[in-house]
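Here you go, one structure.
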């Protein structure tokens, strides 16, 4: 919006992360003043370039310019998975839990370990006790409808404060399968597991208080599942059966709800006509 | 010793009383709203404005709106003067009651200068009737000034 | 005119009934009620100024009509009595708070007694056990709070009522003890007598009795449930404490009671420790211009009394603008472990002092 | 309550009373509801009930393209919108492999630190008013207003900033913004002294806070408590230091740590954090580089076919993390928020056990929760 052009000479900085050492006389610096100043030189260069094989040179220059650009001017490249089976932590876990550690990848700096469903509590416990992953950072569910290994995935984030290391554990669970609770290992996972249950209906076995947390106890369905409708949810029948038929409670998205309504009838406003007239002149 | 003195003489409490007493005589920061008005800054995101002539009917603003409150209908028409096909707006409505003034529509607008902008410095959007007064059509978008400024006398 | 009325009624009726009734009416409707309503405005204004804002300034010039608007609003508001409340107690409680606070004004001298017999005393009555009367009356107010908290049948109200009961009972003790010391010094229980004793001694009792005054005032702040001892109605904890369920005029009565209590505490402090209606240093001739000789003496007396009381009220408001709130157990701690021993020590020292003299 | 005809169970017959604290209570900072079991005023048990402000933000994230989600993040921790924006865009940038230009990084740091100050000011205001001191509220809001003015000048909004985009900043600083910011920051430490003069040494304040709501460091870590709460217990974990993001690696600042883990320590820590924030802001203003503010990025940002990223930052209330799963569509497949207040609230029953009702209020204040973030 207000991306005011900067002076081209200051485009690159000492503090950037390596690579870009060249002075940016690159044409990418789209500053009109600079373009004017360089006009003549450009014209000459153009004339010469016409003589030689134009396409090839242009391509080369482009490639060179591309390489010389600071990282934020290149097109982004999404980080990719690297196999991390030989990571010492993974190796140690493998030793302890054997086949329960299914795979391990390193992606964008985070270690990601797929764990068998039944072993997750034990893995968390050994991570906490032996490997100092004491901080319960996050737990959430993900829904992959129709996935073979299990529709749901529970993602755990653990943090090792002394080593500043984050670990992501993943557990697959099918519909109706329950995951062993880790709320007894890290008490911080208590509410997070309740939330995952609330949102996805993933049951956690052995959890001390497996109730809904954010939604109310009479809510029908699990809203973060992919097949959950965004509009037209009945919200009352389960808890007020005496008032509402099944799945016939007050439904969101109806009545005076947030549906776009037809434009209101034009109202004869005394000021409106004058305003229109003035605006017509302008 | 100092601690003891403090305990007996309640110095800590008097320090607090001193600060409040000092503020008793400081300049007050209240802005007396309907009479005094704070001028919004230049980037302040307030009420929408639309310039129909600049608008190229690309509907990017409607597409970029996170809550889909911009409704645009247009049709093509042959301009009798230039004899070229032109897009003509049928409807350009904004349901301002749901608007969260994020400014993404303004950012999406490809024309230069922008044909929809929020920096109109109008922020007195409260109304008594939601549907009637906060569903603005193209006329109101082009001239919001038909609504009077708030005063402390105005009681409907 | 007064003579003709005196002749008409006869001295007994005139002195026994009419004059006190008139005085009460004047005190109540010219003195206390307007003062309380404007005290609320003053509090809001001063708090506003302390908090770098302007305070109420919309109703009338500088918000001067705000209290009237407030009173109007409270009068016309719906008076809700909760379903499960115990009705008679719910209705009785606010009266129990307001009544005693007003009754105390009967014995507070805002000016000197009549210079010649038959003249106008600037107080309603001078009881020779005035101090005792004040202590006794102040005690009744606590029933109002307890009954109000209990009869609402709401848990927050109940907690507020319990707090106020504990707080007022435990702070009445040091307050009474502090008064005892002043009484020892004055040798009289009559409020007028105490003021005169101060004049005779040539010194405000606050100087020989600083500790006593301090205890009295702190206990007084606690008695009137003001910050930093406003636990019974601690907004952030108990919503509104004992008057959570009250609304409209009944709430206004509680409100009135609180502010009347503030004025009572200040007035008693002025009478006991700051020389009552006399100007500062009443025995120093050089300052006699402070008596404003061109004005009637009674008016000047009331003026000085009022100035002193307002100084106290300002301190109340200042406290409210500055201090956090005590916790319940800490309040008890302060009351029983500090205030009462200190008050006893104060009595002991005062008695010793008297004895040595 | 007394049930007519149900036997003589009045309030006085119960040994323990159940008290419904909230959701409409002056000091629950929103719509938190606590089911308390109290014995007199002593809290025997405390069961938080949340969700009154649930708006399905995580579902909303799934329904919108990446860039349209930034305004939604404003509404989570609505007193610290800039840090929410940053956490979200950081996760998106990690997912896409975007690199942010240095000037944008510095501007982000500036905004986040200003936001930290403003959030802490709001915390101080409400915390003080919970404990009964009403005046700091107005003093802090006076300063907060200046910060909001700075925000307004930068991005046009005061509260729901929507001031960051994946890949950089949408706007550059306006002319004169730096001077105004510097003016404010130079003056600000003296204002902190003012607040501290009212509270820090005050005996009533100390009595109300010292030793109240003690949080053991092991318990804190176990519960996933972060932010000033965790540091108040003496655990040195500040993501700005631990894994420096944006420009935090290039500025100097200290991380204040507490010893006792009580309310007073957390108060001191937050006050010190405000000072450190102003230090960071001064350095950022000094070092502010010139250059681009937006990285080169495609107009339609489609995520990788299979990819996920987790980015966490140190928000004013603790560690705010965003976990984004992508499936190659223009919007996230799943966007999970790790709200710091949610985890910090979880430890409330531990902290309030056997405290008095007044302490409960102080402890709720010290946890610095924002229900918009807890319920999302």
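Here the chain labels run A, B, C and D in written order, and each chain numbers its own residues starting at 1.
The working rule: contacts are C-beta pairs under 8 Å (C-beta built on N, C-alpha and C of every residue); 3 or more make two chains touch, one makes a residue touch a chain.
On a predicted model such as this, the values are computed, not experimentally measured, just so you know.
Counting C-beta pairs in contact, the chain pair with the highest total is A-D. When each chain is reduced to the mean of its CA atoms, the one lying nearest the mean of all protein CA atoms is D.
Once the centre of each chain is set as its mean CA position, chain A and chain C turn out to be 64 Å apart. Each chain gets one centre point, the mean of its Cα atoms, and the points for chain C and chain D are 45 Å apart.
Chain B has its Cα centroid 30 Å from the Cα centroid of chain A.
Chain centres here are Cα means. That of chain A falls 20 Å from that of chain D. For chain A, the set of residues that touch two or more other chains comprises 1-2.
Each of residues 13, 16, 19-20, 23, 29, 43, 107 in chain B touches at least two other chains. The multi-chain contact residues of chain C, meaning those touching 2 or more other chains, are 50-53, 321-323. Those residues of chain A that touch chain D in the complex are listed here as 1-4, 6-7, 10-13, 15-17, 70-79, 107-108, 110, 112, 134-138, 140, 142-143, 155, 157, 161, 164, 166, 168, 186-192, 199, 212-216, 223-224, 228, 230. Only residues 50-51, 54, 56, 58-59, 63, 94-103, 167-168, 170-172, 174, 219, 221-226, 235-237, 242-243, 250, 289-298, 303-304, 307-310, 312, 319, 321, 323, 325, 333-334, 336, 338, 342-343, 346, 375-376 of chain D touch chain A when the two sit together in their complex.
Chain B contributes residues 13, 16-17, 19-21, 23-30, 32, 152 to its touches with chain C in the complex. Residues of chain B that touch chain D in their complex: 10, 12-13, 15-16, 18-20, 23, 29, 40-45, 64-66, 100-104, 107, 118-119. The touching residues of chain D, when paired with chain C in their complex, are 1-2, 11, 17, 19-20, 25-27, 40-41, 128-135, 137-139, 142, 198-199, 202, 204-205, 207-208, 356-361.
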